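Some structures to go through are shown next.
In the two complexes below, chain A is the common chain; its partner is chain B in one and chain C in the other.
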Partner chain A sequence: MLSSLQNPRQAAAQLMNFGLILSTAFMMWKGLSVISDSPSPIVVVLSGSMEPAFQRGDLLLLWNRNFFSETNVGEIVVYNVKGKDIPIVHRVVRKFGAGPQAKLLTKGDNNAADDTELYARGQDYLNRKDIVGSVVGYMPFVGYVTIMLSEHPWLKTVMLGLMGLVVVLQRE
Partner chain B sequence: MASSQEKISVYNLADLKNTTDDAIPNYLNSLHFTQSHRLTDVRLALGYSALALAAACFAWDHHLGFAATTHLTACAVALYTVLNGALTAWMLFAERGAVYEGSAPGPGAGGQGERVRIATATPRRNVPVYEMVVEVVGRDGARTTARVSRGFAEWFDGAGRFVAAPFQEVLASAVPVIGRADPKRAVVKVEGEDAAAAYTPEMLDMLARASAAGSAAETATPSGNGGAKRGGRRRKA
Partner chain C sequence: MYSSIVRLQNTFGFFTTVAFAVACIIAASDLFSARTPSVGVLKTTNVQVVRGRPHYYSSKKEEYAIIRFSLDADLSSLFTWNTKQVFVYVTAEWPSAGGSGSGQNATNQAVIWDSIITSPSADHLANLGPVAMRKLRRSAAGKSIDPSRGRLSINNQRPKYQITHPSSKVANQEDVVLRLHYNVQPWVGILTWNPDEDFLKWKTLKGNLSRKFALPGLKKKDEGKTGTRS
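After this line comes the complex of A and B, so read on.
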């Protein structure tokens, strides 16, 4: 077990195995980003504003390329607002113009009013570049783990520590 | 030496294999074999360059954002895939489970003899059988392969201590190159007698206790019992 750490090559290999697990996960994430052209191709729903379509904790798959058609009214999109770091999942309800300069208005299915209140000060609409991606698929409830992790940050430390310990102690 | 005193769980196949794997380089290097670390070094180089690439990708993504570095990130992902694929291919086709590569001591000081490569596996799940494939390439390029398949119980006592002597005997008897370097351990099989029966569980316990008593046994000279396989000088394992 721990005595294997006395051999520097073996120790280096074990450290490498642990690192490769993390780096492979990261590079898979980046690969998905590159393919979908979205900085964050998988997001978790944090609020109930899109019920009954999406519940808190649902995992959404995003696609940010316009191969066949532009982003249109009726699509559910994830967008970022300047000055706020949490992306929002809402439906496009109005569109003026076409192309990258089109003006889009969004609204949560479960909200009484449209999103103008949520936009930045003085902003009345979204541009195409504000959008992180359109929702093309979802998995119910799976994302609840990340909600737990972000609401109780110490869980992250515990999980990472456990993973590291298992990899260092165990040569598969 | 710590590894010979350390107890492992005899029900853990990975522990059995790893402990035995660790004993092979110890034994052969003590016979003045020259170990080659080429396989491990290439694996480490591939793996750590992939790690460095991922770290660099993380750094530029963190500092510059995704939109500014999309093409760079795409290249990095492609290169990472290639490096990781090369690493997997290296482990599958070059290492093939090798735990030791090296050359036997040759004639004269610093001379190189036959090249030896030992790959090990536990071919069946939950069956404590250790399989060694020993490839020897002679100085004339002739290649011989020896396959040894033995139960772990032959060199682990009931408490899970590794006992070096019987294991070394297995290796030295099965591979002529090792047998020549360590004639005391090389046993010629007598007809009708199973080599596995050479060590009873009681004897394994005794040997384990003797080795636990200290490495002073190392200096005990076995003069007078040449060819005896049981009371011979203990080697580090």
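After this line comes the complex of A and C, so read on.
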């Protein structure tokens, strides 16, 4: 570590390396976002309302384009409700009408009642524009790290510190 | 250069690479298992339309269709080593007042009944009471895959959901059909629904459409006791 401080050229290279890793990750995320037409193409399941299909911490891959058919009943969608910033993963159980004005109703497989209660005041149905994407791919457990990080904020500091330390110590 | 941190990093990197590769192979293995589900019977047994309120505190009156049905289907080929659960659901579909015919272009579609069929290896995740859970686990003791759970034989089933329409009117609606769908949830990989066309070894679900029927008129109060049954 001390040696890298003595050599400013090497220190700069390491800083560049760290920046490169960060920007690559960011570009991949945004690239995936463009391909899937979804503001957040990968989401982590936060609640158990879709159990046993999805548990907390599972990773879902979203797709938000309608190439072959409209978003239909039976699809599992991620949607946002006005005024609430937490996206919800539930299944579409009713659809009335077609096109962008179609009225969609969702329900969690593990919930007894449909989502009317979760929607904004006076909102009875979702529209296509409320939907962030339909779930197409599934990967268990992997997202649990992010849940840990958001529930125990000090872990974030520890992890960033460790990452920085590794980059500084690493000399290649 | 060969510090313990670098070694730890390499080990972790190798572990994630291998885990990801194995996950990809497992996900791809779905494509090589044939899916040949079939439907024997899907028909309505008793259809009623009643008036009711969406919830206790509402004063709005709506018409609700209660569609009882019988179902006989064999979905056992959907259960493979990568199947976590199969979500089976029956929808009622009907065209809009001025609209197109039913089918894929149906403009009104609502789930009337659904069921989660877990694979024995996912039984512990099911949301059941202790007695039902014990029974479920005993039904497949020692097995990690149990295709027999995919054989459904349901007679005169009450719908789980009474359906209505945003206009609150469903009585006397014609050209209603029931359709059976499934959604296979893998342990890892791609979620799949019943395909519209044959795809490699995955066959379409034939006969998953009931005959067209009409919803009856509103049930009068004094008719309640004689309730028709067919």
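As a convention for this text, the second predicted complex is superposed on the first by the 168 of 172 C-alpha atoms of A that agree within 3 Å, B and C clash if a C-alpha of one lies under 4 Å from a C-alpha of the other, contacts with A are read in each partner's own complex, and residues count from 1 in each chain.
We take it that a residue touches a chain if its C-beta (ideal position, glycine included) is under 8 Å from a C-beta of that chain, and two chains touch if they have at least 3 such contacts.
From a predicted model like this one, the values you see are computed outputs, not experimental measurements.
Q: A:39 in the overlay: touching chain B, chain C, both, or neither? Say first, second, both or neither.
A: First partner only.
Q: Let me test your reading of the model: by the given contact rule, A:136 touches which partner, first (chain B), second (chain C), both or neither?
A: After superposing on A, A:136 lies in contact with chain C but is clear of chain B.
Q: Mind working out whether A:31 is in touch with chain B, chain C, both or neither, as first, second, both or neither?
A: It touches chain B, and chain C stays clear.
Q: By residue count, is chain A touched more by chain B or by chain C?
A: Counted on chain A, the partner with more touching residues turns out to be C.
Q: Is A:160 touching anything from chain B or chain C once the two structures are fitted on A? First, second, both or neither.
A: neither
Q: Based on the superposed arrangement, let me know which partner A:23 touches: chain B (first), chain C (second), both, or neither?
A: first
Q: Name the contact category of A:11: first (chain B only), second (chain C only), both, or neither.
A: neither
Q: Applying the touch criterion given at the start, work out whether A:148 contacts chain B, chain C, both or neither, answering first, second, both or neither.
A: Neither partner.
Q: Output the chain A positions appearing in both contact lists, the one against chain B and the one against chain C.
A: Shared contact residues on chain A (touching chain B in one complex, chain C in the other): 170-172.
Q: Enumerate the contact residues on chain A facing chain B in the complex.
A: Its residues touching chain B are 1, 3-4, 6-7, 9, 12-13, 16-17, 19-20, 22-24, 26-27, 30-31, 33-34, 37, 39, 170-172.
Q: What residues of chain C sit close enough to touch chain A in their complex?
A: So the residues of chain C in touch with chain A come to 1, 3, 5-6, 9, 23, 54, 84-85, 87, 89, 91, 96, 104-105, 107-111, 114, 116, 118, 122, 125-127, 161, 163, 165-166, 181, 183, 185-191, 193.
Q: Using the touch definition from the top, list the residues of chain B that touch chain A in their complex.
A: My answer: residues 2-3, 6, 8, 14-15, 18, 22, 37, 40-41, 43-44, 47-48, 50-51, 54-55, 57-58, 61, 65-67, 70, 73-74, 76-77, 80-81, 84.
Q: Considering the complex alone, what residue numbers of chain A touch chain C?
A: For chain A paired with chain C, touching residues are 51-53, 55, 69, 72-76, 91, 93-98, 102-103, 109-110, 116, 124-125, 135-140, 166, 169-172.
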